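In structure tokens below, several structures.
Each of the two complexes below includes chain A, the first together with chain B, the second together with chain C.
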Partner chain A sequence: MATFTATPARASFALKPVQVPVCKISNVRSVSLPVGSRSFPSLKARRFQVSCAAKKETVDKVCEIVRKQLALPADAVVNGESRISDLGADSLDTVEIVMAIEETFDITVEEDGAQTISSVQNAADLIEELLKKKGA
Partner chain B sequence: MASSAAAAAAPSKLEVLALLRSLLRTAGGFHDYNVREYTKRRALDGFRHNKDLADPSAVAAAFSDGKSQLEVAKRQAIVYSLYAPEVKNVMELKR
Partner chain C sequence: MILSRRVVISAMNAVCFKRSFATASSPLVPVQLPSRKEAHLWYVVPDEVKSSALLHNYLDILSPSEKENVFHKRGEQLQKAALLARVLVRTTIARYQINGQVDPRSLKFKKNIHGKPELEWNDDQCQCAPSLQFNISHTSSLILCGVTVDSLIGVDLEEKQRKLKNNILAFARRYFTPHEVKFLSSISDPVVQQQYFVKLWTLKESYVKALGKGFSGLPFRMFTIQFRTAEKGNSCPSGETNNKGEIIVKSLEDVNSFSSNWQFALLELAGSHYAAICMEKDEAVEGEVPTPMKLTVRKTIPYVRDELISGPDAFVISGLT
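Let's look at the complex of A and B:
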């Protein structure tokens, strides 16, 4: 009778230390998972640049032309997303800007192409497209 | 008379801008610096001066005036090209 009671005590005694290392092992496994992820952020950045479809220097040149034509003060923000009408240009100014773009980049903008230009980014994209056609 | 006046109805904004574009393009074709710059300046000043016209007959008159000036400029561009100067104007020399 005494021996019978002794063994369950030993069994239960043996179970407890076994449980603890199992938990430790599982923790270690969960920590190692983030290390396995590859460098995804850099791929995403590359994809962003391709979708813009206009070189930075083209956008800068267009900003310079717009700034000179509208006589904007030096602190006025002109970037890719600026809409020309928001910067204070009326349709005559837009025609002059398109003429200056034609002169600078040595391209000819068609009538319907000139109508679609509403922002600096539009103009830069159109310029890139026309330069590609010319170069082809 | 009335039919010809009705035929010259007020031009749309796109037609007006297309006329300005043709004038500036024709102006760019002159070989003489002075004539080129004058034509560009005169075209822009003329359009800006008439920018706020409201009366449709006045707009139509200004538009037809602009069209006749465009014809003059095109003819003169051809004539000037026959006598293109050999020496570039000092303003055209790049520093």
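Let's look at the complex of A and C:
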């Protein structure tokens, strides 16, 4: 069960049970927050997400890869929640992004992993998972 | 496959664009179903759809979730393409009415296990031919929908000039088969090499889309696409024009087999795009020579104009011997 602290300004939000899987990786059965985790969700009016594993650094690197691949203007907002198809990525862009991720992080993403990379956050989570496996 | 150019235009009176325009009498020109060996291709050029009133009316055709998907797209151009893609699918299918009119808004879609969209209908909606198969592809500048009766179909579209951010051969080594890497490496002209990369990509995409599996369901390195010229038996980079050689697919799991129940066509569309079409072959009747795929191409602005297209706007590069 995920626990987190709401910032005072948003403490009035009712906390709904998490229905969205916390990390969208198919082979992860249980999710645990690292002890002393610094990353807390930003609560929004409609829904919330918990970044349980991906470091901000990873998310930022993925954002950079996406920006470059899609040649986005400097003022385009790209963050963890950004869905790459909404940013204009077609299937070829997606595969190029996966390839750039492989090179940047020195990992291998199987083709079926490519379909989990629908958002920047998903990509970052998958990267961390693969790095963890590699390090193990 | 050069036909004499015939233009069929059905013009809609502009004042008919009111909220209920989708159900106005004969708004969409109905079309005969494709025959069993035939695929109908319909395409829209987003830049030619300028009227904001028309686009507003198009939005009415979409389901709530489709509308939401459109609005999530970043920027007007992406939103317009997403909108026109759904409009093209819905209006195209609605044209193939067998008993009275089909309201494009009434069509329901579902996704298969890999995410391929399919038609879903209940018994009330038997007006629409139930065995229609379709597939769609779009870039920011062209939207394509392919329709068949009964045969699985996959279509993929890509701008001819599409450049990779990565090196072509590095990309091919990572995702394509050794045979395809060898083929691309043998092309010394970088422009031709880039074009053949795009052709291979679209053909491979069209195959996995026809199968309903997509890139994730069937990795591209599991099957090889080969171009075969009419004279030679081996694949080699064929010339750009007038070579209507065969395109075949071979599974790498069983190198000696062909996936002979799939046929391909590669077209140049609107002068700017490669379009790959993959279609399930009709079962050859014993003794009959299997006939090649027949394609009918139409350009459309739904509710405004339909145009039957032949070369040079729909130019078959290879695959229809």
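In the analysis below, the second predicted complex is superposed on the first by the 85 of 136 C-alpha atoms of A that agree within 3 Å, B and C clash if a C-alpha of one lies under 4 Å from a C-alpha of the other, contacts with A are read in each partner's own complex, and residues count from 1 in each chain.
What we mean here is this: a residue touches a chain if its C-beta (ideal position, glycine included) is under 8 Å from a C-beta of that chain, and two chains touch if they have at least 3 such contacts.
Nothing here was measured: the structure is a model prediction, and the numbers come from that model.
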Requested in this report: Answer with clash or fit: chain B and chain C placed together on chain A by superposition.
Outcome: clash
Query raised in the report: chain A residues in contact: does chain B have more, or chain C?
Result: C
Query raised in the report: Which holds for A:58: it touches chain B only (first), chain C only (second), both, or neither?
Result: neither
Report task. Mind working out whether A:115 is in touch with chain B, chain C, both or neither, as first, second, both or neither? Result -> both
Requested in this report: Could you tell me if A:91 is touching chain B, chain C, both of them or neither one (first, second, both, neither)?
Outcome: both
Query raised in the report: Regarding the shared-chain residue A:68, is it in contact with chain B (first), chain C (second), both, or neither?
Result: second
Query raised in the report: If you stack the two complexes on chain A, which partner ends up touching A:83: first (chain B), second (chain C), both, or neither?
Result: second
Query raised in the report: Once both complexes are aligned on A, which of 37-45, 181-189 or 307-315 in chain C overlaps with chain B?
Result: 181-189
Report task. Starting from the residues of chain A touching chain B, keep only those that also touch chain C in the other complex, and list them. Result -> 90-92, 95-96, 99, 111, 114-115
Query raised in the report: Which residues, counting only chain A, touch chain C once they are in their complex?
Result: 68-69, 76, 83, 86-88, 90-92, 94-96, 99-100, 102, 110-115
Report summary line: Touching chain A in the complex, chain B uses residues 13-14, 17-18, 20-21, 24-25, 28, 44, 47-48, 51
Requested in this report: Going by the contact rule at the top, pick out the chain A residues touching chain B in the complex.
Outcome: 90-92, 95-96, 98-99, 103, 111, 114-115
Query - Footprint of chain A on chain C - complex, ascending - result: 72-75, 78, 115, 139-140, 158, 162, 164-166, 171, 174-175, 201, 205, 214-217, 219-220
